[in-house]
């Protein structure tokens, strides 16, 4: 049964330094509040897995939380580069970052294999690309047809963190809209933390593609309204596209990045204060 | 785009003798009307695939439509044996029936692989069982860990037939409740026929686990209210448990089976007449 | 239908069997349940001492709380009362195979001394005397559930020295073990006469308990091989009035719901 | 931002590029679409001559009909207006890999003469001069879509003789072909200057059309290798007033929706 906890306690108790952490959310429902809390608590040496590192991992990489990044697309969606990610890969700042990169299909297959209790997934992909020499894939042939395919190793994070719209009081989690690989990432993980917009008596499907994670598949649920900002939570908030655009300028140089992180994350005790600071700035 | 057609035309045009036909529906939403129509049209030499042959395949086997059966559990749910299936396997009546049997997990994995465009699926199963010597499986080992697992060949039916609650006027199909392997069976097939309870302007989720099949993944949609009897369609009908129990007696001997089929299926022009005959009998 | 025949005092041997199985479930455990006695036992546990037991049916219904016992694995009430409903490929891959099931219940037509189960054929596979329904979900439940509880009425025809077909792996024909399977296998075999457990070393099923009023000798006669018997045999506790009340109430509700 | 600079008459070269791509889509085709120009082109087609084109985004939205262009692949409107929304593992396995996609759109930082695409690094992989976002869905779109339409502004820096990294397979570094890929690969490369197609035999990209007012010589200068030019070069048809009206309306709606 999932325990309903504060975000601070959940991150403090369940995310050890050096862990392999997956924080998923495909543009929608990105668990930013949890990422900020890991930064506040000074987590380090993490292996960060995420299909799209997005601004959340740009911030964690820039603040030195990550030893390694496992990913498949490292851009600022609709805007351009992730400058902290690039600075780490191109210049080893703030320290060298080991990378393991896949295609989206490969990462999705790795999570699905992990959620299925299989050591590998099979797909039609990577063929003819230079990724083959630079990532973890293997040739596998069909025992019935002899056809050559590609195998990817399953991905089983130590901790998966996601953001969802709802949890009920028993800790069952409900989400809808674009749900990406979150279900697989949670089911593949040893430990899971879910931040939610609201805790309700009964889960209710308020949009397409209603996905439910039973309480007994989740370790901790932390109520964090607005916990996905600047990403969004369908039915609760809209994507702060202006922020994603501003992030390009904020993150482009090391000093302005450090200043922003100090003011908005290190300088705020929790996510509510962060949201208040963001709102002030908009005025 | 799916064409909205009559059941008679859909079966007549799309189901050739000798085809591999999957008629799925896991206790719920079993496409009985389509099975009866195949019997009326005298389809033969079919390879019939279905996880649970149920009464629908007991009837088709007894009427001589099947050359081969691919299945994973051949009983009358909650009642006992499928006597026509047993008569065919034990005594070759009405003619010998070739069988290929799997476990549920194996069949599900075969359909999922077929729907994924892969030639095989991988699972933890069959190990240590005598099924290994009597069905189509192969050993496969993980290229990363060396662990031994089992591969099953993908299942891609020539024709998949299912029953769903709704279609909209563009031919998009909607179903809910227990949906078994129907989505995979349709996506794995070359051709698909969907009988539906009703055609509506807009699909609506009227129960848990709403599954949508876009019009362009379906070949033909045939409106057949009550098309799942004696199985059921959540939101439209309840399972006719009494019929399943009666079937044990009807099907136990060849003559009473033949009499019943003549009266209720061969003797009725379409499913509406079949339902009327069933209703009369209840009075 | 054997109930009347085997009636012992004011409860039947099937009721004793069901109650014994129900008592083995702890609150909060996740159980993969089939139709029949296992479903009866798991729901009895849920309605008595284990309200938070999670019932999973292979039809894809997870955390279901039926008011009456399902007649089929796909009854509508299983979906209506479930925490979530998923497709069949997913229930086997993401839920059973992934090792999320603590206890799997199985039955069969035949069991051998090493807990191997046959639900496929009596007689040779190619020319069977009796063609049984087949595997269904059993092989992967036997392989991947944390532990397996077998429920089976004990007769020389079901407890056989030579099993005709291994549909679901116990400890193998030679009792050597469970290569390629991750779960602990059949840790308990609950019959209408008593309870058997595999010997920790040899894996051979050993009678460890009899139901009230059942003689060890009778159990031996109902077993198709030379039955191992524990040095100390426990006698199971008869169903309590509460257990019987809840069970009979459930069965009666079920009978009424499914009649007609 | 290159629009103003490359403006030709009363429409921009990017508009010409988008219109040209949109015209390549037939009604009812299923298109796997990324963000940016491809999304613009596919939605222009849907809002003009191909109302039943099916747009699939890798975020799992199938048959989506956004009123404004998404800024990100996961914008809420893509889900709200979709026929169905599925998880990301499923979109790649059941939909793209299974061969259900007729046309996949791709862009990249670099393309070579055989239509191979690089969106991973400029310079050596281990010590890149520029670290690009990476593969995303591109490798499997390139491998499994029925055909691929590449949209890319033509400059010597993007059309290179030696590609630094093959992220997505065209016809391979040697142009020999597409071992292990099932789709036809890049059948069209649409740039802001014209249209290139692979030679049926050698697979080398060949200029087959230029946009109005574009000199072949200028296209040669914008290409990092000795460009093959077809014997007969077509001149693309300028955007019609209707096409421009629909496109600019869409872009303006989008600008307003995403501002602030």
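All chains are identified by letter, namely A, B, C and D, in their written order; residue positions are counted from 1 within each chain.
Keep in mind that, in the parts below, contacts are C-beta pairs under 8 Å (C-beta built on N, C-alpha and C of every residue); 3 or more make two chains touch, one makes a residue touch a chain.
Quick caveat, the model's predicted, so the values are computed rather than measured.
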Between chain C and chain D, the fewest steps along chains that touch one another: 2
If a chain touches chain A and chain C alike, it appears here: B
Chain centre separation in whole Å, for chain D relative to chain A (CA means): 28
Cα-centroid distance, chain B relative to chain D, in whole angstrom: 42
Where chain B touches two or more other chains at once, by residue number: 117-118, 123-124, 184
Numbers and ranges of chain D residues touching at least 2 other chains: 84, 93, 97, 144, 182
Category of the chain touch graph - line, ring, star, complete, other: other
Interchain contacts (touch definition) - all pairs: A-B, A-C, A-D, B-C, B-D
For the chain A and chain B complex, residues of the former touching the latter: 117-120, 122-124, 136, 138-140, 142-145, 147, 149, 151, 153, 205, 210
Residues of chain A that touch chain C when the two form their complex: 1, 115-118, 172, 184, 187, 212, 214, 216-217
Residues of chain D defined as touching chain B within the complex: 28, 30, 52, 54, 62-63, 83-84, 93-94, 97-100, 144, 182
Chain A contact footprint on chain D (complex, rising order): 35-36, 58-61, 70-76, 78-80, 82, 84-89, 92-93, 96-97, 120, 125, 128-140, 143-144, 165-169, 172, 178-182, 258-260
Chain D-touching residues of chain A, taken from the complex the two chains share: 26-28, 51-52, 71-75, 77-78, 81-82, 85-86, 89-90, 101-105, 108-109, 111-112, 123-131, 134, 148, 177-181, 183-184, 207-209, 211, 232, 234, 238-239, 241-242, 244
